[in-house]
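We call the chains A, B, C, D and E, going by the order they appear; numbering starts again at 1 in every chain.
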Amino acid sequence: MAERTRAGRDGWRAAALVTPALVGLCVFVIGPAAVSAFVAGTDKKLTGVDFHWVGTANLREALSDPDLGRAVRNTLVYCLLTVIPSVVLGLLLALAANSVARGRPVVRFALFLPASANIVAMAVVFRYIFDASPDGLANTLVGVVGVDPQNWLGDSDTALPVVALVGGWRLTSFVFVVYLAGLTAIPPSVYEAAEVDGVRGLARLRHITLPLLGPTTVFLAVFVTVLTLQTFETVAVLTDGGPLDSSTTIIYYIYQVGFTGSFRIGYASMIALLLLVTVVLIGAAGALLGRRLRVAREDAGAPAGAAPALEGARR
Amino acid sequence: MTAGAVTAVAGARIEAVGIGRTFGPVHALAGVDLTIAAGEIVALLGPSGSGKSTLLRIIAGLDQPTAGDLRFDDRSQVGVPPHQRDVSMVFQHFALYPHLSATDNLVLALRYGRGMSRADARDRAAETLRMLGIADLARRRPAQMSGGQRQRVAIGRAIATRARVVLLDEPMSGLDAKLRVELRVEIVDLLRRLGTTAVFVTHDQAEAMAVGDRVAVMNHGAIEQIGTPDAIYDLPATRFVATFVGSPPMNVFEGTWSDGQLRGPGSGFVVPAPAAATAVGVRPEHLRLVRGASGPSAGGEFSVQGHVVVAERLGAERTMYVRTATGMVGVRVDAAVPVVPDEPVTVTAPATALLCFGPDGRALTVPQARQPS
Amino acid sequence: ACSGGGSTPDPSESLRPTARPAAAGVDDVAGAKASPRCAAQVKTLRMYAVANLNDVARSGKAYLEKAHPGLTVEIVATAPTYTALVQQLSADRSAGQRADVAVAGFDVLPTFAAQLGAQELSPRLLRASYDQRMTPLGQVGGRQIGIPQQVSTLALAYNLDVLERAGVDPATLTTTDGVIAAAERIRASGQDIQPIDIPTGQGFAQWTLNNLASSGGVPIQDDAGRPRLNTPQARAAAQFLARVASYGPQSDSPTSQGLPRFGIRKETAMTMVTVATLAGGLRFIQDQGERGFRAGAVPFPTLPGGTQAPVAGGNALTVLAEDQCQREMATELVVSLLAPDVIVASTESLSYLPVDTEALARLEPLYRQYPQLRAFNDLAPSLVAPPSWGGARGGELPQAMSDQVVRIMGGADIDQTLAAAQAEAEALTR
Amino acid sequence: MWPARALSGTVRFAFLAVGVTTALLPFVWMLRTALGPPQNALGMSANPLPSSVSFRAFESAWRAADLGPALLTGVGVSLAILALQLLTAIPAAYAFAWVPFRGRSVLFGVVLATLLVPPQVTAVPNYVTISAFGLADTRVGLVLPFMTHAAMIFLLRQYMTTIPASVLEAARMDGLGTPRTLRRVVVPLCAPAIATVSVFSFLLSFNEYLWPLLVARSPDIATPPLALAGLTSRSSALPDFAQLAAGSLIISLPTLLVFIVAQRRLAAGISGTGQGD
Amino acid sequence: MTAGAVTAVAGARIEAVGIGRTFGPVHALAGVDLTIAAGEIVALLGPSGSGKSTLLRIIAGLDQPTAGDLRFDDRSQVGVPPHQRDVSMVFQHFALYPHLSATDNLVLALRYGRGMSRADARDRAAETLRMLGIADLARRRPAQMSGGQRQRVAIGRAIATRARVVLLDEPMSGLDAKLRVELRVEIVDLLRRLGTTAVFVTHDQAEAMAVGDRVAVMNHGAIEQIGTPDAIYDLPATRFVATFVGSPPMNVFEGTWSDGQLRGPGSGFVVPAPAAATAVGVRPEHLRLVRGASGPSAGGEFSVQGHVVVAERLGAERTMYVRTATGMVGVRVDAAVPVVPDEPVTVTAPATALLCFGPDGRALTVPQARQPS
């Protein structure tokens, strides 16, 4: 009885608290997403007002669209090239920056910069760093090791890696910020214990620091993946998805299909819907798997809740 | 803990000579001299901020002294990193590796600090956990253990390496009062059997007395007194030691000295005292409670009057708190003595039970009757 | 005009030859003025332009608001590109917000006609001095959807210093063969410079291919609007482009990359540019004084034996208003924007081909300053309308065709690629 | 022992130096382009110093793109968005962290899933909504669709869970009620996290491009990225690179400033705890 | 704390009837009956997880019982939100608002919970801080205070509202042992003078005994015994209470009963015992130590043999730990008794000092000699 009134009161309280946010999300994200899910079944054009229900035509087209296939592949390559290196580099930089005694603010400031910069503004610079000219900065650098000048952004072999490099440049900075925060949260006493135990250097990194950064890494894995999947501006300002669609990612492809060319917003919505469903499914599966693993691990040991009971039995 | 056979270790002799440590303007340690015999257990006792942890960390090698020398068995340890000192440590709040099982917590130190093979390390870890009676915890992580269990694992980690010196920084903090009492008996027993030299930091005087072969009482970065628990309790060298050790603490009464006598304020006590005494102390158990107000004391006996405020039952006895003109006085009485709040009483003590302190806080005379037992 | 070394002028000015306020008006055009009834009725008029047409649009606004007190002309000129403009227009249409006048790039005109409700315009309402040869460029499927306002086409700019050192006579640059021969000689002359650069991004590859094919008499779109990429002319054009690509990396955009490589960094001896960007580029090169060079420009070469039939680029003014009165007012605005004064100002800032003969006369000082530009005005009679691809997905064709050309320039088999391009084009225009 | 330490120190230093250089390089380049003469703008030499220094590009970018009003608009709009996001996210985060209700985890999952919706597909429906309220081409229209951000709810919730339950219970015992608990206790305790999410929110809003393109039609409410894009397109002849670089630097200033001011707090806000002391 | 005048409060009478609280499968409270008189101080004592906090939180209204009723002065409180109950609480680790000064910590509760004006609230806060002798801390935030100072502020926050019931959940946790002892005297004195009803949760038996008018010993979600400290100590109702209260704890020896006698294993003790007794307990202070091994005890006297293991000096006395066949035995001896490790000794106790327990752990007989003092 009491439980119920309490739950009821909490229910109202919760409703009052989440309503403003939910209204915002419903009106400006979920609602439009639902509209877009509907549009995904039509041949609507961005430019036009008339449209027809086309059933699963868009879905069938998407499933056999070679350009979408390439965009998916490009996205995976892009993720591979940005996520892992930037997480590794960001971590290493954070570890290094965390251990320097002097000049830490300078290092921190410099490494925060890329995450804070406006990518549209930075594009001007990056386009010329990766200029095809032999005098381009990138070409000058690779020239030092004897590599011929490359048409970095103009060659379908190098465009995606270069875009990924720029994306990674920003992402590394973001990862750095987050890992630096994670590192400061590790209690120093654990490190001191390691020091006395003689667990040092790489062993310390492997057995202590990295495992303790686990939660931060999980957080990053989620956020970085979302950020990477949504990569749009980096592609737009550097290559427009080209040359030959070699740097078109899924999000950019959605833009291309729905906002340029023949403005097929219906088909673009279908792709967006597929993307959303896929990622949510993967995320849900991941969460489920994570829970399974955790449960399995706790079964192997003893459930946390058993500890007090055992303690009592011991007496 | 099982009393299983334990490979004994040759504990190291520790010598600290004039150890100082400053943090900017703060003198955390101001010239500490301390010699600890091989295999001895010394309790470092002192209030918060007195420099206990700092001294321990310097012994461990986690911190470097700004002055003085530290020697283990006559080898200077200054500049030697912790893992080369053959010390191990139990940290306040244990500092277990939260992501590792009990076994792995031990294995890590053994493999990387001692270079043991994985198999050997596992064997040693299992043996240690068994010895501590927590073999069934082997696979649990710290979050899945109770406080007492964590404590045992932390101790296991410290002794598994068979280090010649074991340092314990408030190893009982955060544990139940009851558990603390139980565990400290076990820890001391274990350390004794291992034969390691041990330094045990605590700010609980009862714990220090119970655990240490000798107790070093620290205050403001210096050791005020070091001695056996008996010596510390019965022959405190300073007023600080006298009041810090003992629960309820020694009652200290300020007075003014003249003509070989110390007088309390108003119509307070009058007791014989050596020159320049400024205060006199009496332990609660040396005080006697007399019902009703009585006249001033005779024959050098200590006596003050007051009213009963509150009483605390402590096991077989009771501490009666009496409000007097010179402050609250704690008197140890038998549990059978009835408590009547606000009852006027007189508190007396024989002259032999008194301890006088000079203006610098040092104890002035040791009454003949009181020798360390 | 050639000031030599001296002090560096403000480059932002040197890059925009002149930008001066212009007076718009319709006084001399019979029937262009809206009826008094409509003038009284219409209170607001919305005009959409891309950012660089802001100044032009403002002239029209100034005129119209003066001519019709109480009227407000709202100018939307925040879109940086024509595509962005279409996005804005589409969003407004979805929201029920109507546009009255809009600027449309030639390649999005079909979208304006089919989707955005662009109205058919009467060329009869234009000034007598309007260059009638331009009007076909604004037609889609035979309907006059837009009135061309700024017209440009492709040009080849060259570094005369380099050419002379290599012994090349610029007069030989009229055909693709001549260009290739020149490139060979430049290469042979041992100068550290890329002989030729033909930017391919943003649909320019399709434009170049079409321009060349058209000079052979067969543009890549037939009169019925069908793609025609498997012709010998297209093949010859593709061969030329493939050959060009062998001289080094080709730029993406002519303005943000091709011209800087040519004019600032002096990395290329010849480069394809648009006429509109020419004046700014030439002036910038001149202003570099010592560090500059002698730059020339010719119309883009034809195929061997071909004639100049350049494919036009640029934009047209369209009327999107459906309501009768709004349409009248919109038309008046369009006509006012085609006033010679506006054309002059616009051409002075960006060297488009003037669409008004009176304006042409008044631009004499500009042509005296940049004699290289004069030749392009002669192309007006032979200008060819850009392809206007129909079908549900025709809008994607320029990019798709450009990609195919890029493929060819990247070394893909010409016949196969053209066949594939044809197939793709047919599929998209179906 | 010692040499090994020194070596690892050197490696670390070298690594950091490379990292810092890589991070700074594009900015140095931009500054060099903005300060140098136009002939120098695209000189690719490895020399980071311009051959001569002049600030005229900054002045001309400022004038040509109307950066003054644009910056004001950008900062104002971003701050308004931030305020709305905090107003909506803080209560929601609190509910998700501390108020048990049925379907909480499902709802939280839905909230998180909104992070995955591409802005491209919501843009037009949102424009329709905004227009329906007559807010197209207004600053309010620029602000409103961003009134809530799931990432902010998520980050704040994570942080709020570290507030000791007893502090919140103390507030309950003290009779503060939920609104007062939020204002008097939760918000002050979450200050580091709020600072952090504010920085990220400001960053995102200030650099937003697609939405202002659709909504901001009058030049006087153009946001900085839009103004910069206009600068690029307006000189559709040869771009003035010095001017562009100068403009880019100018519009990067507010976010840089925010980062400089907030950098100390950033770390604390992401994974610190709400313990307060 | 100054003994300044205090406006007394009429404490509420608290009645808990059959209070139960389950968390899923866990029975945190299993039918608790408890009546607390107006103005009484009850200490809730029990091991970790025994349900002390749960009970306290239910009284506070922070949690709702799943069964039973709670009444203050005969008004049921079920469903009444905490701030309408006229209770206040001191939390474990104090739970001060870390971002507010001491004054503001108090003011917040007064203004919003009690609807006082800002000026009134400030006055009351200042007065309360003055009363607690920490007026000089008024503007400091918790991070700038020592543990003891925070504790005082937390208490100030609880009493400033003049609530009729003050609840304290391990209010001393995290404090120095010494400080705890000092502060608890002050707290009790203050609560007495205020006249509020108070419930004081602790797992330290000494604290519970010192603080409570009555002590309620909890175990597994139920109250095993409630009574005055004397009753709890001298007449424990169960084996659990007997061993949980007292330090060192009561020694309990398992045995087998036959013919009116309980026998220890091997050649252990033999003592008279009521039927079905399974164990016998003796407090350390009732044991006597006899040097050397002696024969089996006579006349119903308890006697076991063993070897001295270790001794702990505790103030005036010493606890000697003796390893016997039936486990480790703690014996309270005078500090003057010398400690000789491994010395064989016999430990004896008079029959009157023995307490027998049945198989369910309940105490079986109360030896005549032992009545609550």
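Everything that follows uses one rule, which is that a residue touches a chain if its C-beta (ideal position, glycine included) is under 8 Å from a C-beta of that chain, and two chains touch if they have at least 3 such contacts.
If you're wondering where the values come from, they're calculated on a predicted model, not measured in any experiment.
Participant: With centres defined by CA atoms only, which chain is the most remote from chain B?
Facilitator: Between chain B and the rest, the longest centre separation is with C.
Participant: More C-beta pairs touching across which pair, A-D or C-D?
Facilitator: When C-D is set beside A-D, the one with more contacts is A-D.
Participant: Taking each chain's centre as the mean position of its Cα atoms, how many Å separate chain B from chain C?
Facilitator: Chain centroid spacing, chain B to chain C, equals 91 Å.
Participant: For chain A versus chain B, what separation do you get between their C-alpha means, in angstrom?
Facilitator: One centre to the other, that is 54 Å.
Participant: Rounded to the nearest whole Å, what is the centre-to-centre distance of chain A and chain C, using the mean of the C-alpha atoms as each centre?
Facilitator: Inter-chain centre distance comes to 40 Å.
Participant: Provide the list of chain B residues touching at least two other chains, using ranges where the numbers run on.
Facilitator: 81, 146
Participant: By the touch rule stated above, which residues of chain D touch at least two different other chains?
Facilitator: Answer for chain D, listing residues that touch two or more other chains: 42-44, 124, 229, 241.
Participant: In chain A, what residues contact two or more other chains?
Facilitator: Counting only residues that touch two or more other chains, chain A contributes 46, 133, 135, 259, 308, 311.
Participant: Enumerate the contact residues on chain B facing chain A in the complex.
Facilitator: Its residues touching chain A are 57, 60-62, 81-84, 87-89, 91-93, 95-101, 108-109, 111-114, 139-141, 143-146, 148-149, 157, 161.
Participant: Considering the complex alone, what residue numbers of chain A touch chain D?
Facilitator: Touch list, chain A to chain D: 7, 10-11, 13-18, 20-25, 27-33, 35-36, 46, 89, 92-93, 96-97, 99-100, 105-122, 124-126, 128-129, 131, 133, 135-137, 139-140, 169, 173, 177-178, 180-182, 184-185, 201, 215-216, 219, 223, 226, 229-230, 232-233, 251, 254-255, 258-259, 265, 268-269, 272, 275-276, 279-280, 283-284.
Participant: Going by the contact rule set out above, which residues of chain A touch chain C in the complex?
Facilitator: The touching residues are 43, 45-49, 127, 132-133, 135, 151, 153-156, 240, 242-245, 259-264.
Participant: So in the complex, which bits of chain D are touching chain C?
Facilitator: Answer in residue numbers: 37-39, 41-44, 56, 60, 64, 123-124, 127-128, 130-132, 136-137, 213-214, 216-219, 222, 226, 229-230, 232-243.
Participant: Would you tell me which residues of chain B are touching chain E in their complex?
Facilitator: So the residues of chain B in touch with chain E come to 47-48, 146-147, 176-178, 181, 185, 188-189, 192, 203-207, 209-211, 229-230, 233-234, 244, 246-249, 283, 285, 309-310, 312-316, 319, 321, 328, 332, 335-336, 338, 373.
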